[in-house]
Amino acid sequence: MNYQKIFTEVLKKMDGYKDSGSPASYIPELRDVDPSKFGVHLITNKNKNYSIGDSEEKFSIQSISKVLSLVMAYKLIDEDLWKRVGVEPSGTPFNSLIQLEYDQGIPRNPFINAGALVICDVLVEHLENPKEEFLNFVRSLSGNSKLEYCSRIAESEKATSFRNASLINLMKDLGNIRNDIDTVLDFYFNLCSIEMTCNELTRTFLFLASNGKDLITNERFLSSSKSKRVNAVMQLCGFYDEAGEFSFKVGLPGKSGVGGGIVAILPNHYCIAVWSPRLNKKGNSSKGMKFLELFTSETELSIF
Amino acid sequence: MNYQKIFTEVLKKMDGYKDSGSPASYIPELRDVDPSKFGVHLITNKNKNYSIGDSEEKFSIQSISKVLSLVMAYKLIDEDLWKRVGVEPSGTPFNSLIQLEYDQGIPRNPFINAGALVICDVLVEHLENPKEEFLNFVRSLSGNSKLEYCSRIAESEKATSFRNASLINLMKDLGNIRNDIDTVLDFYFNLCSIEMTCNELTRTFLFLASNGKDLITNERFLSSSKSKRVNAVMQLCGFYDEAGEFSFKVGLPGKSGVGGGIVAILPNHYCIAVWSPRLNKKGNSSKGMKFLELFTSETELSIF
Amino acid sequence: MNYQKIFTEVLKKMDGYKDSGSPASYIPELRDVDPSKFGVHLITNKNKNYSIGDSEEKFSIQSISKVLSLVMAYKLIDEDLWKRVGVEPSGTPFNSLIQLEYDQGIPRNPFINAGALVICDVLVEHLENPKEEFLNFVRSLSGNSKLEYCSRIAESEKATSFRNASLINLMKDLGNIRNDIDTVLDFYFNLCSIEMTCNELTRTFLFLASNGKDLITNERFLSSSKSKRVNAVMQLCGFYDEAGEFSFKVGLPGKSGVGGGIVAILPNHYCIAVWSPRLNKKGNSSKGMKFLELFTSETELSIF
Amino acid sequence: MNYQKIFTEVLKKMDGYKDSGSPASYIPELRDVDPSKFGVHLITNKNKNYSIGDSEEKFSIQSISKVLSLVMAYKLIDEDLWKRVGVEPSGTPFNSLIQLEYDQGIPRNPFINAGALVICDVLVEHLENPKEEFLNFVRSLSGNSKLEYCSRIAESEKATSFRNASLINLMKDLGNIRNDIDTVLDFYFNLCSIEMTCNELTRTFLFLASNGKDLITNERFLSSSKSKRVNAVMQLCGFYDEAGEFSFKVGLPGKSGVGGGIVAILPNHYCIAVWSPRLNKKGNSSKGMKFLELFTSETELSIF
């Protein structure tokens, strides 16, 4: 399929589209991004590449990293992982804390903050140098040995992160955090600080479009069954409490971040990444979601 | 693919499987079913048929009907439907009532009881003879003009249904029920009372495996886009608060009922139905879910 | 103490007080009341009487009746009553339904709607002619044999009362309603429909200011211990989720109704009733609360 | 009234009483207390003293301290205090976190942990040496210049206190904590670490039995109006989610601590303290509550 041509069609349909919402504002590094930025990159699992706009510009991938830490933890402890974190959608946002209490410290899924903190705790427990090893893992996925944490972003996150401190202390109280709180938080803030371009992002996630094996390098990063399951978790939980809306309108497993990035996957076909900093009320990129909705309508291809 | 052979493989793997849970017990018609019943039927969208066990025996499809009433309401009022009901998963069960209050009477999705009642209200509003017209619609989908409501089951449901009366009164209070409460409840109990075999069930839902068009009769029941969206809603919301688990393990959009039936769809390939009355704690067929999990593992085909 | 003089002092302090809020509007009988009405009556347990304003005008006492039905049920089944309803404050209003679910159908206290419905269920269970016998009981308390239900108000309540139907159905589902739902609701609407003047109201509640025994007629309506306990329940639960505020500012056990009435008691001293139809956000009379706050400040007498 | 004689009567009635529950076990200092300890002391506001059992033995007063920190903060910033903390009962315990979220970080009352932390934050903000000045205040109330913090208990609390860290971080996130989290927590753990005897406890709280003025020394610690209001807050919120039960059975404003102590007040009459380490399910002293229930029944004196 000629995706470049489809990109053109979609952009034509978006003519007159009025972007809404604002970039995340809780740290300067996100607040000060030019809100008109817009980039798209698509890579097929046969290594065809298509892009538009600011697809070569780096942005903070934020929560999108949580898929990669999940993959790493899943490889390490297999299905035992699910004793400490669930795979169910989270319902409404105001429930996060009560559900943690009600469920005795077991977060609903690995992508809400509480769940991502548990995943970090697993990695801190099983890795000798979690920060270093995680970075190396992401580098190997992306084929880019120069990827780095952004310490400025990590520091900003840390300075404002009372909510995450609240969550991790509650889970520690309920017995689902095994390591030192500050160590786990530090790791968490670092992994969310990575910056990538749309191009790098699709390359990094391509293995999930082909059952865990990178078809370009032929390296297997995850078993086929686990790869499908990570996609399933993204489908159900990848967009905060807007997972239903994204499934309904876009129809692809994916993950968003408050930096305005979204990565999505059509299994056996492609991985696509979009970036546009303005967020809707649920914290997902407004324009990014619109673009993907029109894109899957135009291609008439989704998982459904 | 030779699905019959795969059925055999799966059954072999289930050798030694110990069924657990009990059939639903709140009405005699469900309580008195032989809990050892087990049937499977698969139909491809090229009309190949495969089955095992009690696939020709009728059982109460219960909530599985809610997909069909959704389809009918969606055809009638298009995207306006989503002003009155959401497409997000419901979170934990104990939240149902508080979420209704918090969301001002808008149910999270069309498959929780509150949502299905709103769908019934829509049909009562827009159809002249809702019960008759809905039955005719199901008959046309199934190609079986003899399908009937089971009045015995409908009566039993009505006699025990204080919870549904509580829900519909709350929504009436909040302005999201427009018709007479008793009329809507009567319609609701009837539509949940339909009985089908696994064979009939797959035939009825086959159009959702081919973008809304029945490839055998060439009749279009739903637009391609709406058909995909119904599948998306099933994926996210079809299994009460076990949607994540089903997605994770089975990886197909589907819908379960407390009669022990499950229908699931692999878009562009097939529709499968299983029936086994013992339910797990979340109200889904234990053995049915296990069978489907092994089945999609064996075929290595899912939407992910 | 010369309460009449204190009334004058308080009114002087309220000079310039700007009443706020609106009368209850969900039924015409409450909506159409003149919002500027204001009456006060105080009776000591030595039968001294003091009043100001519209103290001889009848108004709908609404939830204030719930104290009287509680008294009657408590006499009938003693401490067994507390197996079916609690004595704890209700917390925030949006919790009512979830707490009922969480607590398995046991309402937090007899004054929230759910609790008052359970009390009605108790009376329907133990009385031959609940409506008649309850009315006679209220007549005997008030010394006024002409008190009547107001059928017009009862009918209006019934026509709008989907929320109460929701609550009672939920409790029926959870096993805490033993009688026919419509019978209990009919009784409930009637008992809330009684109209009294401030004067009649204080006379009716006077027995709670003297340990259950009417010191004027010397008739004992309730044991001393039970009378104190009813006061305790009023103190903790008599003002919806504003019980703390009322205790804090007024410092007397009392009960309010959405008709704008408040009755309050200083044990061993007096019973006071105020009436002013404008309600604050919590559903209690704005001006009535202000008057009582200044009144207990001026007298320097409260239970604390 | 001869309270010593009444003590004897009550003990006679408790003959055969089987104590239940266990001492708090989350820190060694509470866990290792002899669970059979039992002491009572009553002081009238005319300085008559009555006691039984282990009334001269020190125990950890724990949350009872929260009344004293409230008094100190209330003196410092008057009614402005209630912008940062409410006066309403807290409902069920599992709500604590969700209510904090829902109410934007404003705790329901000053006695739940979240509220007590806000009170500490107020004191840290307005005092130069909060720990020293608070201790001096308690010493002046008690007339005992040798009272000390117990650093061993404070350290134990700190080591296990992830739940409090969770609460304070959540409130910091929501803007209701103004000082450094560790400073506030350190102050909080210290103030809960004070040890007193029943005798010392009643002496310390006696001013609340006489409108804020110690009638023995004639020193005024709090205005009459504020003193009544502190009693009102104790009445509504002093026993976690068992405030209704305590009001209902005992009928006095009071405050309990997980060390097994309870202090209660009959305004214009006396202050009483009981100590017995076994706690019921709600965290209040089982035997202490029973004793007080029988005591107020026997005296036929309560605020109701």
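For clarity, chains are labelled A, B, C and D in written order, and residue numbers in each chain start from 1.
The definition used in the following text is that contacts are C-beta pairs under 8 Å (C-beta built on N, C-alpha and C of every residue); 3 or more make two chains touch, one makes a residue touch a chain.
By chain, UniProt protein names: A, B, C, D = Glutaminase.
The shown structure was predicted, so the numbers you read here are calculated from the model rather than taken from an experiment.
Visitor: Can you list every chain in contact with both chain B and chain C?
Guide: none
Visitor: Considering only mean CA positions as chain centres, point out the chain farthest from chain C.
Guide: A
Visitor: Using mean CA coordinates as chain centres, what's the chain A-chain C distance in Å?
Guide: From the centre of chain A to the centre of chain C is 55 Å.
Visitor: Between chain C and chain D, what is the separation of their C-alpha centroids in Å?
Guide: Roughly 31 Å separates the two chain centres.
Visitor: Would you please write down the residue numbers of chain A that are in contact with two or more other chains?
Guide: 94-95, 102
Visitor: Every touching chain pair, please?
Guide: Pairs of chains that touch one another: A-B, A-D, B-C, C-D.
Visitor: Which residues of chain A touch chain D in their complex?
Guide: 94-95, 97-98, 101-102, 162-163, 165-167, 169-170, 172-173
Visitor: How about chain A: which of its residues touch chain B in the complex?
Guide: For this pair, the touching residues of chain A are 86-92, 94-95, 99, 102-103, 108-109, 224-225, 227-229, 231-233, 235-237, 241-245, 247-249, 251, 253, 267, 297, 300, 302-304.
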